[in-house]
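Each in structure tokens, the structures are laid out below.
In the two complexes below, chain A is the common chain; its partner is chain B in one and chain C in the other.
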Partner chain A sequence: MTPSLLPILILIVPLVAALGLLLTPTRNLTTRTCEGVHIGSIVLIVLLSLGLAASVLAGNHPSSLGGWLYVDALGVIFLLIIGVVGLMTGLYSIGYIRHDLEEGLLDAHRVKIYYGFFSLFLFTMLLSATANNIVMMWVAVEATTLGSAFLVGIYGQKSSLEAAWKYVIICTVGVAFGLYGTVLVFANGAEVLSDPHQAVLWTSLAENAKLLDPSLMKIAFVFVLVGFGTKAGLFPMYAWLPDAHSEAPSPVSGLLSGVLLKCALFVIIRYYALMIRSIGPEFPQTLILVLGTLSVIVAAMLFYVQKDLKRKLAYSSVEHVGFIAVGLGLGGPLGVAAALLHSINHSLAKALLFCGSGNVVMKYGTRDLGKVKGMLRLAPASGVLLMVGALALSGFPPFNVFVSEFMIFTAGIKAGYWILMLVLLGFFTVTIAGFVQIISGSVLGKPEENAKVGDVGKQTLIPLGILAAMVLIMGFAVPTPIARLVSQASAIVLDSGDPIVVKAPWSLFGNEEATVAEKAGNLIVTPAAAAETAQNTETK
Partner chain B sequence: MITLPTTFLTFLALAATLVPFIGAVVIASLPREHAKWICHGFAAVTVVIALVIAFAFGNDSHVVLIGFGDTEVLGLTLDRVSVLVALAVISIGYLVALYSIGYLNEGNREHPDIGRRRFYAFLLVFIGAMAGLVFTSTVIGQLVFFEITGACSWALIGYYETPKALRSAAKALLVTHIASIGLYVAAALLFIFTGTFAVTAIATLTASQKAIVLLAILVAAWGKSAQLPFHMWLPDAMEAPTPVSAYLHAASMVKVGVYIFARGLLSSGGAPEIVGWVGCTMAIITLVYGFVMYLPQIDMKRLLAYSTITQLATIMFGLSISVFGSDLAFKGAIAHIFNHAFGKTLFFLVAGALSYTAGTRMLPQLRGILSKKPLLGIGFACAAMAIAGVPPFSGFFSKFAIFAGGFEVGKDHWLLMVFVAIALLESVATFAWFLKWLGQCIPGKPSEAIANAAPTPFTIQVVITVLIVMSVCSSFIAAWWLG
Partner chain C sequence: MHEFLFINGLSGLLIITALMVILSKKAINSAIYYAAQSFVIVVLFIFLGAQTGSGELYLWSFTAFITKVLLVPFIMYTMFRRLDDGELGSGQVMPAAFSAIGAALIVILCYAVVSGVTLPSAENLKPALAISLAHFFLGLFCIVAQRNILKQVFGYCLMENGSHLTLAILAPNAPELVEIGIATDAVFAVAIMAVLGTRIFGKFNSLDAGKLTTLKG
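Moving on to the complex of A and B:
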């Protein structure tokens, strides 16, 4: 651990922005000022997250507040997701919210609340990704619900308030399970660690995982998986997700689907890493694999039958989170690296598509796919971007989702889950059919007679263009720093921080074998990990 | 790490893939009026590149574009097979682009249209993806271009945006995507077994691993080449504008399948016999099925669709029996890929010209084409002869090589001999059936539709003339090239 100010700074920036906006009376604020503060906050977050990434890549583990905040390669991946997707959806918000203001859907007061809660929401997500204190992790995830619920219900209509209410109730109940899991792990740790204060810190729990009681850990993991799985949109507690994600303003939907789900997954991954160290990979992997598979299957079917664009996208998020869980459940360096990469890729593609659906809403005033026709002729740029997003998300090359999907598939075949992988790819074909429906029904086709031709404003198109470019670039070649972070992070998850030079299959993304071992130096070596790496070298 | 090709030829091969993609971006960013000429220009440049590759081609070469350590992710391979097939797919792509200028306009009697940017952009992407697929040296590269061609075919088949066209388009996309799972499996297994994606790594596998990988590739190949049990997308794909049908059925989409299978066999260093048996059996079943389906067809394009299925089955058959050690059959199959590309394009484009000028492509309504439209009549006749395999037209020589190869290996396996006999019978019956329609449509007094036909646009005439010449010459080119 390296003491550093960066983790504190990255939290303070959005918090100050949020409190500043929310506590200042509306009459003292123009919309311009709100936007200025908002942009300042999201840009600083991105810069700070890049700074943290650089620091982690240089071999540090920035930490502050006596180890309560801790950033390693795993955390930094999620910080980058929050930062980059937050920036893009934040920039997109400017044009989108101005449009809503003009249409009279929002008033100046609500605009201020929107920007205030946007920053607060980012703060809570950043907190969950930097937390090392497991109780604080739980608090942060709980807080994300509160932060985002106001954004979901911002329009104040019956349907959006209902969605927000459902969201708060189900997630609070769900995350309460997460609290049981947290408390069990904490109690377990306090029992065996010489300094009970350390029992609350993830890093010290991870170091001493062998001492923890296996049966208690198993129970704790079930609670954690169900609890935080609710928030991540995993089967069976995903019912809130389609409502909340479709009723929120589009940029917020992008954040919810692209980032928030990943934050909850991040917490699950942290516990997953603990479990691998204490009770071995088999138990947690089986559980995650089952839940992930069920999520993919159920979501693919429900995705196909939806008539509402944003609901469709929300189900697609459930499906992809399920697939990420499958990757984790398959385990092994390839599976975990693929799952992490899929988290990044899905975030970018889903943010692109949700913001694109925002353009649809702006242009047509509805999300009903039966009424949205001829996008390509009325708003060509939005139409093309929507098409790119849909193709990317259905897993077509040369876009990024294809790469990570293929990696998870390879991991599955490698782990011997032949039938499962073929079935899952079959369900992904159902998703392709659904996306094709969206494109052929809404992007193509003849628009209604009196519809006005003309695209939405530049402010909303440019962030989408940047997202589309990132989706394409990540599809061609994963930038080396990201590849390094992913391989380091999967080493952290799998506890393969052994001094043997690991020649793992994910060297596909850069030859980082030697450095992985050095970077993960503070984690103990286990015989299981050594066996795993030996096996990898063999298959190589 | 990404490395750029260093030799002249590999650089050109990369350019042949990228130039059309760039063209598509240019089309998307400029107003619609320019689209057709930009498409034409970029396609022409790609043809020039392909020709330069063919003329400058010396020795086989191979270059890694994206690779990490020993893992080759994307690379280019140039040998006699890939250059020949690339020449066919690129030049036919160009001819189709040229033909489309004359076809997609208000004068079209069957489908008046204004020639949207979407069409030309996706056509160019298709050409680029085909070039990429042909030159790629890795299974993952094949998978990538396989899927891109799938997406392009979807966009082009659904071009007219009628509900039926869109449904057919989605069908083509989904069926071929399901088949692509075979390539997913092949790529994943190859990587797990050997740590690289290079197709040539198949040669280092054990016999049983080889069989699994090649059979997985074969499944994907069935999907794209419209072989049973994945044939159903192809007849429906007739909803596409006719130039697209021509490209899909003659040079691009369906050739993806046979090509990846051929490349797999070529690199396998002797495939296990099981692959040959599975391939042969399915090819013969498809062949018989396709022929039976000829009989009720009266729509010219649907007839051609089933003819494509059987021709592809013949190629598959040739490739499969090459497993038993017949080099002749392999060369024949590759030559047939080349010859069928030109013959079938000609046939489709004649059908397109007829529907453009006469407004119908129903065979019973087309009579006396020769007297009113001599060029189309000759084109029709040449195409029918080439497809049926009548000497001196191209189809004869490549089919002959396949059958000769079949008899060669049939000496040791009586079942193969039966298969060859069935294939031969099918070939003769096809000839008889085409002769029937030839006699009905070409000579005699023009029917009403033909008599009132509009003049044929200039670019369409040019393209058909070129293709008539090629329907005779292509097999000589192929034979000379393959040696």
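Moving on to the complex of A and C:
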């Protein structure tokens, strides 16, 4: 652990912004001031998360408050997701909320509440990703629900209040299971560690995991998985997700789907790492694999039948979170690295598509796919961006989601789960069919005759353009720092020193570095290389 | 030995107060029963503190008194007093006798689960530990078996009380800040649920969870 102020600073910035906005009377604030504070907060967060990433890449583990806050490669991946997606959805919010203000959907007071809670929500998510204290980790995840509930219900309509209520009740009750699991792990640690203050720290528990009582750890993991799995949107606890994600303002939907689900997954991964160290991989992997597979299957079917664009996207999130869980459940360096990479990729693509759906709402005033037709002719830039997002999430190359999906499938085949992978592949084709419906009807279809031509403003297009560029870049070649972080994080989760090289399949060819790594006997986890390894094993 | 008997007996009282919270016809009465139950927990913390010699538990009993006996019931009482859905009645989906039988079954099941735990700190307090786990599931039962959305808030509070007691039994030396974190979170959760519940009542003019059916599929 390296003492550092960065983990505290990254929390203070959004907290101060949130409290400043929420506690100042609306009459003393103009919309411009709210936007200024909001932009300052999200820009600083992304800079600080980049600073933390640089520090981790330099070999440090920044830590503050006596080890209560701790950032390693695993944590920093999620901090970067929060920082980058937070910045993009935050910038998108400016144009979107101005539009809502003009349309009379929100008033000045609600705008202030929106920006205040946006920062508060970011603060709670950053706290969950930096917490080393397992009780604080739980408090942070619980606080994410409380911080975002008002954002979900901000329009105050019947449907949004209903969504907010279901969200709060199901997630709070679900996360109460997480508390019980946390209490069991902590009690277990307090019993075997000489200092009970150490038993609350994930790092100490991980170091002494072998001493923990196996039967109690198993019960605890079930509670943890049900608890934080509710928040992550895993089957069968996902009932709140389609409602909350579809009723929230579009940038918040992007944040909920792209970032919040990953924060809950992050906590599950922390416990998964503890379990691997204490009771071995079999028990946690089996549970996660079963829940992940069921999530993919159920969500793919429900995704296909939805007529509401945002509900469709919400079910797609359940599916992708399920698929990340499948990667974790398959285990091994390849499975875990693939799951982590898929977390990053899905966050970017889903933020792009949810914000794209915001452009649809602004242009058409509805989310009903039966009425949204011919986006490419009416609003060409929005249409193209929506198409990029849809193609990416369907898993087409050269977009980023393809790379990590391919890696998970390869991990499955390598682990001998042929049939399971074929079944999942079948359900993924159902998803592709669903996305093709969106592209063929809403983007390429024929618009209504009297529909007005004209795109939405630049403020809502530029953040989407940047997100689309990131989706493409991550698809062509995973940037080296990200690849290194993913490989280090995978080693942290598995408690192994296996060096891994993470790259897009096509960037392997003619790449000196990869060849060197291969010669050195390291594991190359590009899909192509992994598939080759699997084939070799079979032949033998 | 007498202390153990007393602690185990007191935790039995928790189940009775929990049933009163669940079965009470009006939400404001539930708030009073909830305060009574929290008081039992505060007393339990003091006895557990005396038994284990843990100074932290005395501090816990103090914070629990402030948050659970005073603050949370106060928030509930003042907010829920204004919300009354005459049509809904008690909101029970099953007769009271069934609820009591359900509670008994939960306790028996939890006792069976807890009997397998081998932690030395829980050796003499297994009945209390079983009841704390049962209390957690009784909270869940309250949420599932109730159509009144305000009662769902109480269900969450019961679940939280259950985990709190488990923590006290299994880890009496937990740092005070851990407990403050959990208690503060509960206060915020209840406050936010109360605000949302009030807004829902304003919009739907009902507290019936069965009427929240705009979103489907």
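To be clear about the criterion, the second predicted complex is superposed on the first by the 496 of 540 C-alpha atoms of A that agree within 3 Å, B and C clash if a C-alpha of one lies under 4 Å from a C-alpha of the other, contacts with A are read in each partner's own complex, and residues count from 1 in each chain.
As a working rule, a contact is a pair of C-beta atoms (placed from the backbone, for glycine too) under 8 Å apart; a residue touches a chain by one contact, two chains touch by 3 or more.
Because the structure is predicted, anything quoted here is derived from the model rather than measured.
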| item | value |
| --- | --- |
| Greater residue coverage of chain A in the superposed arrangement, chain B or chain C | C |
| Which superposed partner A:444 touches (first chain B, second chain C, both, neither) | first |
| Which superposed partner A:465 touches (first chain B, second chain C, both, neither) | neither |
| Touching partner for A:161 - first (chain B), second (chain C), both, neither | second |
| First, second, both or neither for A:306, with chain B first and chain C second | second |
| Chain B versus chain C as contact partner of A:384, first or second or both or neither | first |
| Touched partner set for A:20, first chain B, second chain C, both or neither | neither |
| Partner chain in contact with A:481 - chain B first, chain C second, else both or neither | neither |
| Partner chain in contact with A:397 - chain B first, chain C second, else both or neither | first |
| Chain A residues contacted in one complex by chain B, in the other by chain C | none |
| Residue ranges of chain C in contact with chain A within the complex | 113, 116-121, 136, 139-140, 143, 149, 152, 155-156, 159-160, 162-163, 166-167, 170-171, 173-175, 178, 181-182, 184-185, 188-189, 192-193, 196-197, 199-200, 203-204, 212-215, 217 |
| Contact set on chain A toward chain B in their complex | 376, 384, 391, 396-398, 402, 406, 409-410, 413-414, 422, 425-426, 429, 432-433, 436-437, 440, 444-446, 477, 505, 507-511, 539-540 |
| Chain C-touching residues of chain A, taken from the complex the two chains share | 133, 135-136, 139, 142-143, 146, 149-150, 153, 156-159, 161-166, 168-169, 172-173, 176, 179-180, 183-184, 186-188, 190-191, 196-197, 199-200, 213, 215-216, 219, 242-243, 246-247, 302, 305-306, 311 |
| Chain A partner contacts - residues on chain B that touch it in the complex | 2, 28, 66, 68-69, 71, 73, 118, 140, 143-145, 147-148, 150-151, 154, 158, 161, 166, 169-170, 173-174, 177-178, 181, 184-185, 187-189, 191-192, 195 |
